[in-house]
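Per-chain residue numbering starts at 1, and chain names A, B, C, D, E and F are given in the order in which the chains are listed.
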Amino acid sequence: MPTVQACAHPEQDARVRAVFDDIRATRKTDFINNMWRYLAFDPELLEQTWREVKEVMATPSQLDPMVKEMLYVAVSITNGCGYCVHSHTAAAKARGMTPAQHAELLRIVALAGKTNQLALGLQVPVDAAFDADASPR
Amino acid sequence: MPTVQACAHPEQDARVRAVFDDIRATRKTDFINNMWRYLAFDPELLEQTWREVKEVMATPSQLDPMVKEMLYVAVSITNGCGYCVHSHTAAAKARGMTPAQHAELLRIVALAGKTNQLALGLQVPVDAAFDADASPR
Amino acid sequence: MPTVQACAHPEQDARVRAVFDDIRATRKTDFINNMWRYLAFDPELLEQTWREVKEVMATPSQLDPMVKEMLYVAVSITNGCGYCVHSHTAAAKARGMTPAQHAELLRIVALAGKTNQLALGLQVPVDAAFDADASPR
Amino acid sequence: MPTVQACAHPEQDARVRAVFDDIRATRKTDFINNMWRYLAFDPELLEQTWREVKEVMATPSQLDPMVKEMLYVAVSITNGCGYCVHSHTAAAKARGMTPAQHAELLRIVALAGKTNQLALGLQVPVDAAFDADASPR
Amino acid sequence: MPTVQACAHPEQDARVRAVFDDIRATRKTDFINNMWRYLAFDPELLEQTWREVKEVMATPSQLDPMVKEMLYVAVSITNGCGYCVHSHTAAAKARGMTPAQHAELLRIVALAGKTNQLALGLQVPVDAAFDADASPR
Amino acid sequence: MPTVQACAHPEQDARVRAVFDDIRATRKTDFINNMWRYLAFDPELLEQTWREVKEVMATPSQLDPMVKEMLYVAVSITNGCGYCVHSHTAAAKARGMTPAQHAELLRIVALAGKTNQLALGLQVPVDAAFDADASPR
């Protein structure tokens, strides 16, 4: 149940149409997931968001595309964003994440959630060795 | 400033000594970071935590060791755990993370934080296409 | 799906009735949203919560009523509370939030989510200039 | 480093004085911790916050005072509020929390952090058996 | 709607069968809630998770079983994990939590959420008195 | 203590210099706060972040500049980002936020933190009335 109304015919707006066309071309699929359909309530917000997602996630870079989606899933789980957990888990699978890798992703994300709680509960002082400014340049 | 007192001589406890020895052997370094020094206030909690961290993070698995540390950093940032951001950023660097990869990690983690907010603000309904139970087996 | 049972006839309890009457009078509507219906499982918790919400949100103050609801939405998004995102987005709209202002609210909330991640990932030291105690009195 | 300036002589304000006196009387100590000193920048906010903390935490109730402080610590860890982790861990110790109980608190809080991540990562559907509204009245 | 497919016949896997049998024996019920059914997609993750939950939550310890479930609920609420709020609220009720205690749990968890925001908003400096390392040994 | 090293002479890089110059010109001050100094470890990340912050926060728009900073503070508190709480509280004060408005901001942010916990603890079902898709177009 959304907080804004989905447009009945979003692609009647030329800017929305252009973004949707680019999503289809970039992803090589006709499927436009709901995130974009609802962001279309404000074409400028849609454009900006897609431009950034395309640049960061769909452009060849230092990191493997599957790894990038796994990092996205890790943040989305921790923020409790169910929609994003779904869309980026699907994206990671589409980029080759096997069930065993999915399980390992969950194991790491869960362990981090656990030791984050321990470190915050103990209020462990940061070791001087971790100070990047103290490293030799 | 911690919530428990660091032991003056933690390794006088045989269980703590055994864990610290295993940390040194596993990591091939004499450095024991504060997390373990403060967890030593309860030797059983120390043992359990180290056993799990070693199993998940220091055992060859489906994912690259550097990627595993980056996933840990992603969760730690999102949970606002400064200690863990430091210790796992250092670990990722030790496993080869370059400054360019560090910047890309931050870019993805930041973008995920951004679009998580958008999806939660819009309360975007999850697409039926993402339902794993609906997929053909 | 709630964790407590909605009362079938909550207004048979005099304290619940009094709160619901005050909600209707304050908001000039017959609609009592689910938050209050479920809080009614404990009339004292209902009374205390409504008293505080009324005092902070429904009493003329230093800030504009629409702005107050937008601040509430910002926190609710960040905490991942879907119910509260819905109820306070509706309240902000009722106090005049236009679609363009809604989009801007989301843009700011999303950008803050993004730069929060960057500052936490970098563990940026707080500038001395931000120390309120260091300011001239 | 705070965002508001600590008052040099907060008790020159009669309302602040009254709250500080009540804190000292209620807690049977002369120590006023920083939370109250900084809240004093707005005497009304100080009054309201102390009134509620006193009512919920310092009044005999259904739950044991030590347990109440442990619950407070659990939330504060999860929200990453270092100040509150400190003040309520100290309060739990003052109400009798032993090091073994402290370790157990951390173990539970850490395990919850872990399985929260798993449930959110899997997006586990809530069992119909957990629907309070479906229970026989 | 989950991110992994529930196994049609999970207990055909001997490891899953053994865990489910142990859950039924430990809890003295035939009901296996969804968390375990979905974790069964990776039998090792299922085994590890159940082993730890059993050890921490179902083994006699320093804290009362109902209190342990309430602590679990406190973390789960704060992390926004709806599934875990449900399963552990049900567990706390099964261990004797009355509606009045449930209301008190919510009151404390809500107050902590409130004062966490105040302390983080004010960035209150931690009192030297809270430094465990500074205490006499 | 940061996770990347501050550049000794960041403005020797032409891209960093250009961003810093634009920050100084836009804000009409010589003060460059640490966020930008540390982001300078990756000039492209610095450029992108500043471009977006400038566009969203420093360009005339639908919302009042002070309100925009208050929304930023609300998110930053809830995410537990101390750096961002400081920098945006300072920015809100620079745009006219009085101590009374600061107190009110904290009161709303704290109340939202409280009722978010209540709604999540009760798992209150979203009212059908809040479904934007169900509204008449």
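For the reader, a short list of remarks on this structure follows.
The rule we apply is simple: a residue touches a chain if its C-beta (ideal position, glycine included) is under 8 Å from a C-beta of that chain, and two chains touch if they have at least 3 such contacts.
What you are looking at is a predicted structure, and each value in this text was computed from that prediction instead of being measured.
With E-F and C-F as the two chain pairs, more C-beta contacts join C-F.
In this entry, A-E is the pair from A-F, A-E or A-B that repeats the interface of C-E, since more than half of their contact pairs coincide by residue number. With centres set at the average Cα position, the gap from chain B to chain D is 27 Å. Chain B and chain C have centres, each the mean of its CA atoms, that are 33 Å apart. Under the contact definition stated at the top, the residues of chain D that touch 2 or more other chains are 1-4, 45, 75, 77-82, 85-86, 89-90, 100, 105-107, 109, 111-118, 120-123, 126, 130.
In the complex of the two chains, the chain B residues touching chain F come out as 80, 85-86, 89, 99-100, 102-103, 106-107, 117. Of all the residues in chain F, the ones that touch chain B in their complex are 1, 3-4, 41-42, 44-45, 48, 75, 79-81. For chain F in complex with chain E, the touching residues are 73, 77-78, 80, 82, 85-86, 89, 105-106, 109-118, 120-123. Those residues of chain B lying in contact with chain E across their complex are 1-6, 8, 126, 130-133, 135, 137.
By the touch rule above, chain A contacts chain B in their complex via residues 1-4, 31, 33-35, 38-39, 45, 49, 52-53, 56-57, 61-64, 67-68, 70-72, 74-79, 81-84, 86-90, 98, 100-101, 104-105, 107-109, 111-116, 118-127, 129-130.
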